[in-house]
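One chain, chain A, appears in both complexes that follow, with chain B as partner in the first and chain C in the second.
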Partner chain A sequence: MKVITANFVTCAVKECKTSAASFPLHFHDAELEQQELDFQPEFIRNVLPRVDWDSLRITANELGFPSLPETKPEGDALNEEQTLKDLHRLLLETQVIEGKLVCGNCGHQYVIKEGIANFLLPSHLV
Partner chain B sequence: MADQAEVYEEQNVHEVYQQIAGHFSATRYKPWPIVEKFLQELTPGSIGLDVGCGNGKNLRVNRDVFIVASDRSENLAKIAVQHQPHAAVVADILHLPHRDAFFDFAVCIAVVHHMSTPARRIEAIAEILRTIKRGSDGQPGGRILVYAWALEQKNSRRGWDKGDSQDLMVPWVRRAKPGSGEEDQTFHRYYHLYESGELERDIEQAGGVVVESGYEKDNWWAIATPKHDS
Partner chain C sequence: MSRPEDILPPDLFYNDNESRKYTTSSRIRNIQADMTHRALELLDLKSPSLILDIGCGSGLSGEMLSEVAPEDGGPHTWVGMDIAPSMLDVALQREVEGDLFLADIGQGVPFRPGTFDAAISISAIQWLCNAETSDVSPEGRLKRFFEGLYASLRRGGRAVCQFYPKNDIQRSMISGAAIKAGFGAGMLEDDPGTKNSKLYLVLTVGGGGLQGDITGVVNGMDDVNVLDARRKAAEVNGARGPARKGDKAWIMRKKEQMQKKGKVVKANSRYTGRKRRIAF
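Right after this comes the complex of A and B.
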């Protein structure tokens, strides 16, 4: 599971959707792997406006990455190749292979196995 | 009732796809023209969903957008995840792990016809619409593209047409390799065949507004957007 994915998923439990505590989900016991992908600066530039920066900072911090800047790179900063390369590496090339995603509202743990997060709910949460 | 339908789909849809994932995937490689067009016309940087992505064949169309694909079958999600730059997770269409009113688009291709009651088919579409960005003054909302198998397909290999039963079990035959000594295996999947106008009705009941709809190669399709402030 790519790090960017965490920015676009939340708890599958209906009641949690309205709670701010359900986003982002929190990584526990994450095992990381780097997967080399083609660097597409345009892709990073285009997708970045849709990334929730505060959530990404939380995620990066939980995964042990050095702190991201407090504000999202905008304007000229998006022409700096190093900035885009760093984001490419974090968002797309860093994979969570094993671990859990935990909801801060209901506490449910979603398991990540062989790089795939499983959001199916047990019957008592449906 | 809902519980029964859930168990029924578990046995007659989900377990079958787990079993046939590899063979199914090897026979599904080309996106359908309307799906291809819908995905190609998206603004670069759009974020969307592919609900019931199967082997992820539709993830190959556009690499300038980011798609979180999901499938109920872990075996299919494992195949779909290989398509870059996108993502794939395991999820249930009735309980999607996505925020409200966020996404620019979603596709749901050949999926809702596996839901075994009218209420669940509508609920499935409503759940997808829930995740889609609402339109506001001057700003269009996000769009979804939904496909479902048509009852009216008298020229197809199956030959069904108006007046035939809409709810049926469709066989999937996995041929044994010649000389392997194994036997062919037949699996049955549940389908609800949509009749003319039914997909549009389901979308409206789910809180959507149909923008465009039509028929393509044995399937009904519709593009829809969530009602304002629904």
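Right after this comes the complex of A and C.
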């Protein structure tokens, strides 16, 4: 699972929909992998306004990356190639291959195997 | 043609053998490619976008999203959801670029509001019309799915779902559930009336970036006829509508019925079915 996806996914349990603690999901025992992908500055610019910066900082911290700047790069910073390349590396090229995503509200664990997260819920949680 | 929906639930039907057959058959691949092209045409994306692939299977359609040329607004980044582990396994072996989720779309779409620019679904949502256990219903699953999808798309986003309804009931059940969730909806049918007919449900959120109504999606496309059922429906309702009890039309009908039964019925006059004066 790419870091950018982790920034968008929430807990699937019905009760967690209304709780603020259900986002972001927290990584546990994560194994990382770098995968080379084509650099697309256009895509980063398109998607960055939707990225939740605070939770991205939390995720980056959990995955052991050096801490990100306090505020989201905006305006002119989006024209600096280095900033975009760093973001591309973190958001798109970094993948969690094995591990768990844990909801901060209900504690449900979503297992990640070979990069695929299992979001199937038992029927009593739907 | 037999329908896989009637045989087994999707996670069991698409076992290792079926998944491999589905992905290697050149006929299926061609059909999938055509449908994905058509869906992309309807989505009309101008810049590299984040797309949700619902029922991505082995990533046949997702692969094409990653391969859209830069001059056509690509390549897109996609996230795929599927319920069949074997299909996802094939996707892993083929090393697709998108992120994969093992998830049941009938349980909802677990993403933050406004996440995706667009959503695409090829031959998947008819599976929602089957309930595999007694504690869920097709209506409930459709509702959860469309409500989740509506929330996860950004305002001005679009979704295109190609599906194979079993009959008109399923067709209206699916489109009705989408409209109830808040989508602007339209149907596009390719090769109508033939064996190869393909049905696309085109959904928009908050206008879908269109100037007018949903028919604007096909503006500028060749060989598309627009059939607007809304005006016809409105005319029928306005002009006649169902005869209400006590109406003149209703009284005349009843009198005729009684006459046919051989009852004694008063002759019609200009006073028949007329309101009494208030003074009375």
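Of note:
Criterion: the second predicted complex is superposed on the first by the 124 of 126 C-alpha atoms of A that agree within 3 Å, B and C clash if a C-alpha of one lies under 4 Å from a C-alpha of the other, contacts with A are read in each partner's own complex, and residues count from 1 in each chain.
One rule holds in what follows: a contact is a pair of C-beta atoms (placed from the backbone, for glycine too) under 8 Å apart; a residue touches a chain by one contact, two chains touch by 3 or more.
What you are looking at is a predicted structure, and each value in this text was computed from that prediction instead of being measured.
Superposition of the two complexes onto chain A shows a clash between chain B and chain C. Of the two partner chains, both chain B and chain C are touched by A:Leu37.
When the two complexes are overlaid on their common chain A, residue A:Gln82 makes contact with neither chain B nor chain C. Contacts of A:Arg50 after superposition: both chain B and chain C are touched. In the three-chain superposition model, chain A touches both chain B and chain C at residues 1-2, 4-5, 8-12, 14, 23, 37-38, 40, 42-43, 46-47, 50, 92, 114-121, 126. Residues 1-2, 4-5, 8-14, 17-18, 23, 37-38, 40, 42-43, 45-50, 92, 110, 114-121, 126 of chain A are the ones touching chain B in the complex. By the touch criterion given at the top, residues 44-47, 63-64, 66, 68, 70, 72, 74, 77-78, 81, 84-85, 87-92, 95-100, 102-104 of chain B touch chain A in their complex. Listing the residues of chain C that touch chain A in their complex gives 47-50, 75, 77, 79, 81, 83, 88, 92, 97, 99-104, 107-108, 110-112, 114-115, 117, 133, 135-136, 144, 154.
Against chain C, in their complex, chain A makes its touches with residues 1-2, 4-5, 8-12, 14, 23, 37-38, 40, 42-43, 46-47, 50, 52, 92, 114-121, 123, 126.
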